[in-house]
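Notes for the one structure printed next.
In order of appearance the chains are A, B, C and D, and numbering begins at 1 in each one.
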Amino acid sequence: MSIQLDQAHTTAMPIATAAGSACSGAPWKASIVAELAEVVRNEAVNAEYRHLVVNCSEEAAAAQPGQFFQLLCPQPAGEQPFLRRPMSLYGADPDRRQVEFLYKVTGAGTRGLDTLKPGDRLDIMGPLGVGFALDPGWRHIVAVGRGAGLATLAPLARAARANGAQVTAVFSARRPDLLVSVDLFHRHRADVIAVTDSEQTSGPANVERILRRLIADGRCDAFFTCGSSRLMRVQQRLAREVGLPGQVAMEQQMACGIGLCYCCVRDFNVNGEIVNRRVCWDGPVFDLMEALP
Amino acid sequence: MSAASNVDLSVSIGGLTLRNPVMPASGTFAEGLEKVMDFNRLGAFVTKTITRELRAGNPLPRVVERPGGLINAIGIPSKGVPYFIETIMPHYAAYDTPLVVSISAPTAEGFASLAAELSIPGVAAIEANISCPNIEEDGKAFAMRAESTQKVTRLLRTATELPLWVKLTPNTGDVPEVARAAEAAGADAVVVANTILSMAIDLKSFKPCLGNIMGGLSGPAIKPIVLRQVFQCAKAVKIPVIGCGGISTADDAIEYMLAGASAVQVGTATFLQPAAMTTIIDGLEAFCLRRETPRVADLIRGVIIEEADEPDLAWLDPVS
Amino acid sequence: MSAASNVDLSVSIGGLTLRNPVMPASGTFAEGLEKVMDFNRLGAFVTKTITRELRAGNPLPRVVERPGGLINAIGIPSKGVPYFIETIMPHYAAYDTPLVVSISAPTAEGFASLAAELSIPGVAAIEANISCPNIEEDGKAFAMRAESTQKVTRLLRTATELPLWVKLTPNTGDVPEVARAAEAAGADAVVVANTILSMAIDLKSFKPCLGNIMGGLSGPAIKPIVLRQVFQCAKAVKIPVIGCGGISTADDAIEYMLAGASAVQVGTATFLQPAAMTTIIDGLEAFCLRRETPRVADLIRGVIIEEADEPDLAWLDPVS
Amino acid sequence: MSIQLDQAHTTAMPIATAAGSACSGAPWKASIVAELAEVVRNEAVNAEYRHLVVNCSEEAAAAQPGQFFQLLCPQPAGEQPFLRRPMSLYGADPDRRQVEFLYKVTGAGTRGLDTLKPGDRLDIMGPLGVGFALDPGWRHIVAVGRGAGLATLAPLARAARANGAQVTAVFSARRPDLLVSVDLFHRHRADVIAVTDSEQTSGPANVERILRRLIADGRCDAFFTCGSSRLMRVQQRLAREVGLPGQVAMEQQMACGIGLCYCCVRDFNVNGEIVNRRVCWDGPVFDLMEALP
């Protein structure tokens, strides 16, 4: 595991260790902060998605792929989003102290985000949750995403490359013009296979065919997925069949985002037993085989 | 900061001295917050309510937002008492902050036996969340009525030597009467209050927004209502009243203390500003410094009610 | 617009047919609004509560704002019955909109005699505001208890042939029980609800923000709470429930109708957007058009409750 | 009475007349509107006051001196003004369809106003209330104001001049640099006598001396005042002594601003009887002799 991704796991380390550190005598220091970040850019990338870049603290810029932030969205006209909104890390630049998000304008919160202009302040809180883990032994990984799930997978492209792994991304969207972050993956020398509803290439049967070919070609040491339970099930089936590891980033409505309220629970199948886990705290990245749709 | 400023922030709650009056509200606090704030700064820890039975909690969705607040129907997912003692309690042992354990049970006997079982080293006080349904009395919450409150409090009192806080529901018509019943039965403090029963309906599906149909409203929206209940309770009882409802800022905490609260619990605000509690503590100290109030405890019941003409008996309930 | 769109906006409230379900809440409406909206568009007029006694109202300040709402303690300034009949009523005679007169009295007998005196041509219905103190029962509001509600409603019922609406308080622990009492005693409809008793303290002076010390909270902040009460009452009674609490938009009105309201009253929203009522009427019509709902009355009690597993008996009052 | 000022009284005409018009068969038309006005200017005039100019409807621009608007103030950071805020008309230009306000940044509402930039929208509702009435027989009128009261009196300068009356303004402030609208009065050929606390000229005794001189010089046919009950009492005393008419613009906290809620009542002395009136609806301009401090 690379040092960089180790940090992701440090942030999500078992709670006992974190609490234990109070005994060490060292002055206490926050590892999750809420801060007023400065908006650098907030632009449409296509008809549905916006790309938001903010200047932030060192702690926030150390966010890892698969982690997320809770954004306190501004109020759009006539609406009052009360809760923070979870947003996956789309990119982090520790040197420039920036983090990036990719969001789809959907409801009150994202309409509020849409009002932000460069120079405005946005209250961001993070980094939160357990991100993706990259095994240094993996040479080829496959990322399968749909919708906003592409945003979540995006930072993997850079991390995998830094880790010496080759990425193949299978991206699903309604129409070709709604595909996002293809360029970003290309920049990090990933292969991108796009499937769309309008071209009738996005059905599970076709995606399965694509994935089987990648496995056959020895180009799939692990699955990473987000944004479609239908595609997740395809990967679970293949992973079980072929004996491959995998990770999935899950979503669930959140209130606190830091494990306090238990509103974001999902069921997981852990060795045949159904257990309840908090997506914000125990995830959002989980073992592919334990996830239930 | 306290040492430097010489403001005495401590308050005394029924025999227990807290370093300051600010603590979390049950169900809005967990170990994870350690990453956000120094736990040694809090007045107390208050755990999520635990039950003896293993419980899954309510169906999803469990929260819905509304202007100025959120409605939740989490339920009480509970892993039982041994899990609590073995897995949760050790996290708090490292800190110099009293641990208040919130408990609930479907019967008065159940409350008492749970309190007895949890009266162990490491637990500083018991908070009895009696806003839960009493299965012996057609499922109405204990705290809806003075009689059931008195009964459960009396049994609890005999079951534990620990300071006993009784957390009331704001959903009843006469909270001060219920507070008096808790006091008469031996409670060391009352927590006023819990969430206010509410509902929201989705206009696309025509279904309730919560899996549980109804849920409890918390956050700034409820502050004026609960503040009034704290004021009424502080006039009705001599034991300390702990205020809880919509507190987000130091100003909110001060308003509660003036109304009669000896301490405050912060819930929903932590979901929006995770460091809300420490910000409030700093703000309390700054307020006392500015007003040259040597002890924050001087604010308790500090509201000034002037002798006035008998108010017009209004279309709303009169001044009590 | 109605004619063109073919959406039937009318609703029937205990024998009285309203052209649409939108009307003002008592105390937030007066003749001056004629300068803002066409009075012939409203479902009904509802007057400020009147009393037989001449009353000055409460000491100032009478309102204070809070996030999402305002607390008021206006009291009921009243110039008595003759003034009402001679000076106020003629303003409304010019319109084709039913006039609902809100009344209050300190005793059940007082309510009945006032209702009798006001059962005159030009008055379409009586709204009995029983959230006011009953001086025969230690000053508690009639609507705080089922018994006193039943008693005052029964006397009112014998005193007038007009449709009788009984306006309940949200400050009691069991609003549906009180609604049932009103129904049993002959009310034609219940209005749910009035303001929620609240308080605010000024942090500069340490004095209550209101001259009356406490007041009633209204506005968006209370909507989820009163919506729940409307839902509970609509399950408890067969007579129409009129929803009132925090309604500002057509969406709010629709949510109330789905929860069980047959009509809605708009109060505080008018202070912020004086044309709120007509905007809501337009929005109701547009919603029905969009959803292809031929009659707005089809929305009443339209919430879809799915058969589900027994919900976890939560720390808050369970689903009733 | 000039036609212009007649309109002010039309707006505040007896309610029976207004309601009666419903019978006339003419389609109903709003005479009080809430509208999204466009901010033209919002600038500091001194350390305390801001001058706000907005583009508005014909109805709003027809506002008369002494009338007011209810402004739905934007939310400043961390505060949520819930109610509208009453603001006196500071100027109205029916040709350019503009109204102006002069406000002092005090609390949540005015801090919200302070955030407005040209091009922003502001929800204004009006014109409201009964304004000043100018008798065409008056050749000289005297306006006495302090604090935000100067804003209320300002549009009198123009109206009086249009009415052929000469205005003398006695303006009181804490310091000379806090005097506002002196230029505006000068522009309309009014005489301005400034008195200030810092120069120790603002005491009631000195103001009384000034007013007595104006009366003696035949330069005071009526008093108009706003913003100081101390100065109001001086004028009441002189008016009674000399038999002069007068009008006072009163303030009171408001919720609805249109006579619905009865939160803005004040006591008035009407021929020895104390009566309760709504400042928003029966005023804000009242007979000087009936006002109680």
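Methods note: a contact is a pair of C-beta atoms (placed from the backbone, for glycine too) under 8 Å apart; a residue touches a chain by one contact, two chains touch by 3 or more.
This is a predicted model, so every value here is computed, not measured.
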Lowest number of touching-chain links that must be crossed from chain B to chain D: 2
Interchain centroid distance [CA atoms averaged], chain C/chain D, Å: 36
Chain centre separation in whole Å, for chain C relative to chain B (CA means): 32
Distance between chain centroids, defined by C-alpha means - chain A, chain C (Å): 49
Residues of chain D whose C-beta touches two or more other chains: none
Touching two or more other chains - residues of chain C: 27, 56-57, 66-69, 74, 77
Graph class of chain-chain contacts, one of line, ring, star, complete, other: line
Listing of all chain pairs that touch each other, if any do: A-B, B-C, C-D
Residues of chain C touching chain B in the complex: 27, 49, 55-59, 66-69, 71, 73-77, 104, 106, 129, 131-133, 135, 139-141, 144, 169, 171-174, 194-201, 203, 205-208, 211-217, 220-225, 227-228, 231, 251, 254-255, 258-259, 302-306, 308-309, 311-320
Interfacial residue positions of chain C with respect to chain D in the complex: 27-40, 48, 56-57, 60-63, 65-70, 72, 74, 77, 90-92, 94-95, 219, 270-275
Touching residues (chain side chain D, partner chain C) in the complex: 15-16, 18-20, 22-23, 28, 30-34, 72, 80-84, 125, 252-253, 255-263, 265, 276, 281
